[in-house]
Every structure is written in structure tokens, then in C-alpha cells.
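Labels run A, B, C and D following the written order; every chain starts at residue 1.
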């Protein structure tokens, strides 16, 4: 059994890791930390875990964490950056669900996250953990930067187009929508049910932290500059991200082969599902599941290819992808603990 | 008092007309028809109207309707097209909330609505009732084609850009999201709470009936061809539309004057509210109200202008705009019956 | 024009007062206070009020408030108790939406609200503002204690039964359910959309602050001791309270006259609507409206009468009833500003 | 591997059976029938099952069903009653999720379900499948009548009180609330999102089909007559039932031992969880899971014991309990396929 630790376990990604790992055949959660809730039983905070865990939250303690084979960081940005190096030095492998190691350009990181980066060395060594792009590197990685939720849905949707240089990269549009759990579990007025329920709005339309992460990923795929407009929106639901992506084909004749191209690209991917052309993936079809489900569309004779892509922001967009990465890192069946159909309805 | 009739009053736009007109100082609803519910009191079907109306649904009867000053059609497409001409001939003015008279090109109409158009004469005379564009024509109109919900939010958002030839019109994007009331009140499995709740999806991504209406409107504004990708989405809420619009400026230097341009364009409009640059209008801020509220955004140094625009699909997107049109047609205060703040929270 | 002030205007009852008073023909809001948001425009915090108010929040200032004809307190408990006496002494009339003056027995008050009561004099003079019970006293009142939301729905539902001594008063049950806005607008984790959405639970089942208020009211109606079990529940919606009430008839033969009794009792009440026997009032039928809508039920030959009663917790359960009380106090039409149909759907 | 068939698989209990059985180690679904959708792949109707099932819906065919070890009926009432006898005669065991075999008194059944019962023989032999009450009988059963959703939550909550004769049985109250999936997946106007969302109401307050089932169960537990008021309510969410139960203790001194009594009664039950006294179980804590979670409450010195009990109506209230029953019938680990934590948030 792999011994896993979780740092910062009181948020939604923390409980989601616990939920997924509760049925993972090869992993045991040996510790979970929280400064604010140390001493509390996890099953008292998250009553869905009653009967599954005897564990209590503890103060973060490097000695204890160093006894783990792998540590997940489910912390606000800035924490993993500071705690990871010592654990890595002691041979613990890390999957960081925060943003600390996602951005290569540390000046960009510092600008968007409002603090200087403190460990350029590990930022350089970290592997950006999108398995569909970097599976081999993940296998060897000591430190995996688990992708953001929006970036996962957007990158997987654009990937075959960009890898194959099929679209004009100057004016991509990624219009993305997320349930409220993406904002975490802090007591913010703006995230009250009374504020979020029965309403819809864009936010971060002038710039969101996932924009540089998305651009970095798309530019790597395109091997060149990419201009992308990315607007996130808040949906009055708990889980789920839908991204509607727009790109103009260099050659509209390519429309004929797009569906086959997408199916081929993702044929062996256990967690990407390309639906028939013109389908409309729903977020509920992946609720609680690790998949990214997508479909392609064309409007009349327009040269614009439209991709709709859905994930559960807490699963393929966070904890599920983290477990997928762990499975790869430890040579397990990549699907271990992740083969459960979505909860629908 | 203006005597108003409503044809097809059992749907959501019907009850919304009744709700708005209940407090309108100059209008009395003298009849409301429904084939399926003839004989039922409107207050039995819509209990929010208990105490406001004694009216019952009746079979549609041209003689009765001919006694009205104005008739609202809140019917599926195809009905107004057949019933309107006789009423118009007898001097009744009409606001048609259906799609029958929105599209100039009747071949286009026939293709999207799946039937031939039966009255080219009135289709040619009908005024497309977007007051911000056609107020004077509405004033004289015998027959007003009340705009669709998505087209209202999208057209008002793009209007100042197109009128002023500021953007490349070949690749506009209108990513729009609507609450479930937009689908009407038929018992369709796909619109059950168990299907719509806690999920988000695109629909009609390969072509939606509002696409030709949007294109027609934008092309009129731009006085030329427009390429627009329009994808509607279903939001797990009841009321509200948000449209996020993307257009590339011909000259990025124009960004500096966009805000002033929008404010100027809509300064005298009673039902368009331009928020400060970078604001995020929420659908709840217009819930139950006739306004379109919008804001402009730019991402770093991108040439793309982003407009976010919200309406209540049943009000400014349907019944409210219909009443606004009626007010204009009858020389009333344009805001009569429509001056009530949105219900928030 | 009556000059009204609002103390503590940033919460949901504050904005709801503003929304209702925006269209009140006889009242002008001359000041609204907030310690935390002083200087902010109310229309910046509540965008539904853009175009309706130029007002900004100010620090509470007794001199300014003393210039009002009436002051609404929309504050946490403990505030009105301290600020009201000076204003009352200066001739300002007060409607207190908080719990400070609702409970006659100040020991009971102190126990449930966790602080000693500081003004026994005004607690004794305050009129409990349930117009259906105390209209004449309200007319004369200097200080009205606006009833709690649950107590309004529960008391109006039981009233005819208790006034007429028809039921066994030892074991009443009031099972009540509320939308999330009842918890106010503080940033509490438990009220996040991610916590409240798609879930249902009881809370305060071992004792809620509205229990003594309910018991006091029911005992006054019954002119004797009442045993009542009251359990509130949290519904994943924003507005609305439903109370399902159970009482055993002393004489089951009385079932035959209950409907007539209820209709008679509330015949002249502008804001209580007794539906036909066996109807099921929905909270949405009063959304945004000041009514209490109710119906009676019997199961086979059971001696238990069941009453279902709905209100909008922010309107008849708070701000609407406060305006109704104000209207009574100032001799206005009791319905002024309150005659708008509920927003349905 | 046990070969299971499902009759009537297009509803919510059908897809839920498929979801649960997808990961059951000992069961294979060999056929699923639907008259209306014969020929359609289940994964096309329920996209969450893409990648889990190759199965398509077929016309019901007794020959095929007779080849199953067990058949689940997930049909409207009246179907199992007619189809089950032949299958039973051929040695197929049956778990009927419909109401056909739940009521012993066939006159009562006929009255509530509006048709005569056609197989008194099997109605007499059927075992009411509440494992916590009838595990041994279920083990031997050929035909199990899977309990209704409300009856499960209500009976488990009252069980220890009634078995131990602790409460007055003449005036029990069961105030129950359910998400919309309990109404099934038919296209009824009243269950549209636009009708159900953001509203709350009682329904069936004058008598609901689950009332006789509840009474029958409670009377068996109490070994005597029971008077129970049962009011169901519709909650604007998809899954979950909460029942708040009220009963008056014969001897209030018994309050001291109730918690221990409940814990003892359910100590060995894998799917009943008694929380600490005064806890508030949430429906989300069992979303997608087979548990019934409950807690006890007392208000001050009242003699009334209050029990709050939650289940997922589609799991412990339907498909999960059906699988639990199947596990018992076939001597499997009772928890097989059912050990997955609830989806929270």
C-alpha cells in the first residue's frame, strides 16, 4: 500500500481526495493536515466519510509527512512552494493541486499570484501533470504540478487542433463556466447560496489566473504564440465545468477529418471521451467522475470549429487528475480508484 | 384604458405579460385565450395572480380579439402568422412575441421554422421591435415582431461596435447562456428539474433558430456581412440570459473610447444600463425587470473587446419588451408598468 | 412624503426594504446606515437598484436619523435595543425588524439571545407587529417589533384554530422550511452555495430562537399554555418559507366548518389568502410579495388538521411586513407599495 | 457471476441500478428492457454510462428474462404484478422496485393504486424488503417488494421507538421532503425545472400512496394500531429525502436512554448510521450512497422526541436497497457494490 498524505485537507479538493482514495485499492491515507481544524475527525467535518475514515486532521508536521510515499498539496498558493522542497529532498513525491508549480515563467507567476516565487529550482523540475500530454514525464516526476480546472477543460479541447496546426492561433476564444465549488470553501459573501443561486455572471473577464496557465499550455501544443480570450463564468450549481471553444480553421476543408482526428488522438486515453459530432456533453455526465467528455460542432458553412468540453472541476479538474497522476507515478493501473460512473441524475 | 388581449396565455411569456400588466396604469387585459385551458381561471393556473385577475382563459375568438386595441401573441410559431392578418385588417395592433415576423427573408424563415411563411405582406410590414434601434418605426407600427431573447441580449451588446464599424465582422462570437424558462412550459423530459438541475451544457451548437435572427440584426447594424458564431447554453436556473461577446477591434487604440461610446449610445435609453468598465453584470440584477445591463472588458493588451450583457429572458427578452413596444405604439410613457427594481436576492 | 431611515442596510432585509420602498408612493428613504460600508453607493452594492437610488451608506448618526419620521432597524439583535430609546424620545417612530422587542419575558429573551435586555421600558411598550392580530395597537405604536419570518408563517396558520379553541394545544407541530436568505448575508461557510445547494437538512431541531416567539404568540391566541414542537429546515433556494402545521381537533366534527372559518377570519385581510381546501400553496406564489397563502388538509378520517402556509421570508416575513406596519402607523393605504404580484416562475 | 435483468430501465431507478451494478463485483446486467426505447444503447440515453455498458434496451421478452438469475422491476405499478408470476414460476428471483407487492391488504392496494390486484398468491408470498426488519425472510425470498422511498426513511426513523413501545402511537407525525427525482422521469409540466426550481411546497397532503405503506410498516413494528400524519414535500433539488418525525414519549424519562437504544438497535446494520444526539443529518451526506443517517432531538423539557432521518431516494430509497436485497438473497456480502462514499459537496 502506498502511504499518502494530504496537506490542507479541509477544502473541497481535500474532501474529494479522501472520497476518491476511500475506495482506491492500493493507497492508504496516513495523514491529513489542517492548521485550523487540527484535532477534528475528518468524518465530523465531512459526514459522507463517516464509516470510511478514522483519521483526524493534524497540524502539518514535516516529520510525519516525510513518512509518506506521496503527499498531495490541497493548499492555497504559496504553501507548497515553501513546504515541498524539504519533503522532496527527503524522497517524498508530490502532487501539488495548487498553482505553485504550474507556470514556467516565474515572473509571470509572480505577477498573477502576487508574490515572488521562492523555489526556481523545483519550478523548473516540476512536471505539468496533464497525462494526455505528458504521461511519460509524469511517470518519472518527483513533483507534479496538477493542472487547474479550467486549463484542463480548455487544453484538452484545443489539443488536437493545435498539435496539428489546423487553426489560426491569433484569436482563439475559450468561454468557460464553472460550478461554485471551484471557488473553494472559504466563507466569502459572494459565494453564499443567496448570492450564487439563480444567477449567472462572468467574472475575471479582464484577466483570470488561469489565463497564463492556459496560454502556456496552448503555446506548447502549438509550438508558437497563441492569442486566446478566456472568460470564466459562475454557474448556480456545485460541480462541473463546461468550456465552449472557438477557433477558425486555416482550411475549412479540414472539417471533414476533425472528428476522426479527435477520436484517434484520444483513442487510448482512459479519461477523455469524444462524443459523436454535434453532441452536447453535459457536466452532469461527469459528476464525480474523472473524465473529460467533448464534442465538435460546425454552424452551417462557417470556418469556425466549436468544441464543447466538460469535466467535474473537483475530479478531472483537481482531485481525480491528482490521483490519476499518482497512479502513473507509481506504476499502478492508471484507472485505479477512478472507475466509477458519474452520478446522474 | 387600452384594452389588451393575449393569445396563448398559458406559457411563461403569457403569465409574465399578466404579471407586468397587473400594475400597468393604462392597460386592462380584457381577454386571454388558450385552446387547452379554456374555462380555467388564470389565477388557478398561476397562483401568484390570485387577487389580481378575475379573468379566465377562453377559446380564441376573433370577434372578441377584434374588440381589443392591441393583441399580444404569446404562441408557438405559426399561429400569429395565421391569425394576425384578420385582426390587423380590423384595426387591431399587434405585438407578436413569437418568431413569425422576425425574419425578413422568408426562405430563411421557412428553413429554420420548418414551414412556409403564409403572409409575405405582413412579414414585410412588420417592424422588428428592438426599441433601441427602431423606436420611431415602432411608434407607427401596426405589427411589431418582438425580438427573441438571445437576439436582444446579443444585439444590444454588439450594437455600438457595429454601428461605428469598429470591429472585424467576419468572426464575431456570441456565447450565450439562458435559464430554463426560455424553453417554455411544455412537459418535455429534457426540461425536467431532474435533468436540468445541477448541470450545464451547450445546445443547438450546430445551429439554433436565433442565429439567423441575430445575424440579420447584426448585419443591419454593420450595414454589411457578418460572420457570427452563436452557441446557446442551458443554465440550471429559471430566469436570465447572459451573453459574452467577443470581437476584434480594427484598431486596438479604439479601446480608449469604447466606454464613452457605449455610455453615449445608451444615455437616453430607459432600459439599457452600461456599467463601469470591467464590471460583471449578473442576471439576478435584472430578474423580473426590463433592463439590459452590460459591461466592457479587455484582457491585457489583446485587441479583442469583450462585452458581457444580461437580461431577464422573460422580461426584456419577451414580455417586458412587448409592453415597452406597446407603450411606444400608444404614445405612453415608455416606462409605464416597467419601473420596478429587479428581485435581488 | 414620509421620510424613512434604515439602520443596518447591507443585509438582505436592508436591500429588500429599498426594493419595496423604491416604488412606494408616499415614502422617501432619506438615509441608510452601515458601519462597514459607509461611503459606498447602495446601487454599487445592490446593482438591481441602479437607476432607483442615488443614496450612499453612511455611518449611523443619531442626529440624521432623528430627522426621519420613521426608522427601520435591519440590524443584528442588540443594536435596536441600544439605539431606539433616544430616537423614540425624539419622536421618531420605529419598526424594528430584529428580535430585540419581540419577546415580552425579558428573561426568556436574555436566555435565547445571550445578553441582558437593556430597555425593559420600551420592551413593554413595543407592539408585536402582526397586523392580522394587532392592527389597532400598531396604528398607535411608537415602536413596532416586526415579527420573525418563521413566527409569521406559523402564527397565521394556527390563528383561527387557537382563537376558536378547536384543537388540543399540548402537542402542536410546526415543521417549517426556509430558503437560505433567512440566514442573512454574512460570509459563513455553512451558507455557501457549495454547502447549501442540492441538500436539505433540519437545523436548530433542539431549539431555535423563533421557538419562544412562536410559543408566546400561540399562547396569546389560545389564552393558555401551548406545547409546540418547532423544527426549521434549510431549503436549497433563496427565498420562501413553508410551514406545515399539525394539530388534533378536539372534535373531529369541526372539520366541516374549518374552511369557512379560515375564509371568514381572513376575509378582510389584504395579505392573507386562504386557498381552497386541499390546495398546496407554493413558496414561489408569494416570491417578492407580501402575502401569506395557506390551505387546509385532512388525511382520511384522521382527527388531525394540517395547515400549509407559505410566505416570502424577506417580504411578509421581514421587509414587506415592516412596510405594511409603517403604512398602518401612518394611516396610509395598508397596501401602498405592496401591490405587486409575485414573480412566478 | 449473477445474471441480472432490469425491466423498465429508462427511468431514474433504472439508470441508478445500472450505475450501481457497473461496479458490483458479482453481478452482470444481461438485459434491460424498455418498450419505448428498444434498440437504443443505454449509454446514448445515459451518457454517464459511456464506457461502462455496451447494452441496448430491448423489448421485454419473457424468454430472455427467464434466463436471468434475478430480475429487477423498475416499472410503474401494475407491470410487475402481471409479469412476475411467470418469471417466478420459472425460478427467477425478483426484486420489485414498484409498489405492486408492498401492501398486504389488497383492498387497500386497489384503492390507492386504482386497479384490482391480479395476483393475491404472490402478494401474500412477497417479502417486504426492509433489511433492517426482515433480513432473514429476504434471504429466502423468491419475490422481494422493495420499499418505497419515503417509507424507508420514515420506518427506519420510528423503528426503535415503536419496537420498544416507547411512544403514543395515536398521533405520530412524519413530515417528509424529497428531491424531484422521486417523481420519476416523465415529461410532466409540474416537474419542469421552471416549476420546481426555487420553490417549495407540500403535495399529497390529503393522502399520498406511501401513507398506507408507512402505516402498515409502523403497525407491524408497534404490533398495534398507529395514527400517523404523513405529508410529503417537494424540494428544489434532485436527490435526497429528509423525514422529520415527531412522537410523544409515554414516559419522558425515557429520553435518557433513547440515544443508546438507537445506537444499539442499528449497531450491526451496515447501512444505518445513528449520529450523535442533536446532530443534523444532511441529504447530501448520503447522495449516491445506500445509507440512512439519522439523529435524535429534544426541545427543552418537551415530551416529544424528534427524529431526523435522511436517505438518497434513488439509493437506499430504491436502487441501492434493491441491490442490498439482492446481495442478501444471493448470500453475497451485503455491502457488495454499495461501499462508496456519498458525493459531497
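Going forward, a contact is a pair of C-beta atoms (placed from the backbone, for glycine too) under 8 Å apart; a residue touches a chain by one contact, two chains touch by 3 or more.
Owing to the predicted nature of the structure, the values given are computational and were not obtained by experimental measurement.
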{"item": "Taking each chain's C-alpha mean as its centre, the one farthest from chain D", "value": "B"}
{"item": "Chain pair, B-D or A-B, that carries the greater number of C-beta contacts", "value": "A-B"}
{"item": "For chain B paired with chain D, centre-to-centre distance based on mean C-alpha positions, whole Å", "value": "45"}
{"item": "Inter-chain centre distance, chain A versus chain B - centres from mean C-alpha coordinates, in Å", "value": "38"}
{"item": "Numbers and ranges of chain B residues touching at least 2 other chains", "value": "12, 181, 194-195, 197-198, 236-239, 281-282, 284, 287, 345"}
{"item": "Touching residues on chain B, where the partner in the complex is chain C", "value": "12, 15, 18-19, 22-23, 46-52, 181, 197-198, 238-239, 273, 275, 281-282, 284-289, 291, 293, 339-345"}
{"item": "Parts of chain C lying in touch with chain A, wherever the complex brings them together", "value": "12, 180-181, 183, 185-189, 191-198, 236-238"}
{"item": "In the complex, chain B residues that touch chain A", "value": "171, 173, 175, 177, 179, 194-195, 197-203, 205-207, 211, 227, 229-231, 233, 235-240, 242, 244, 246, 248, 278, 280-284, 287, 295, 297-300, 302, 304, 306, 308, 310, 345"}
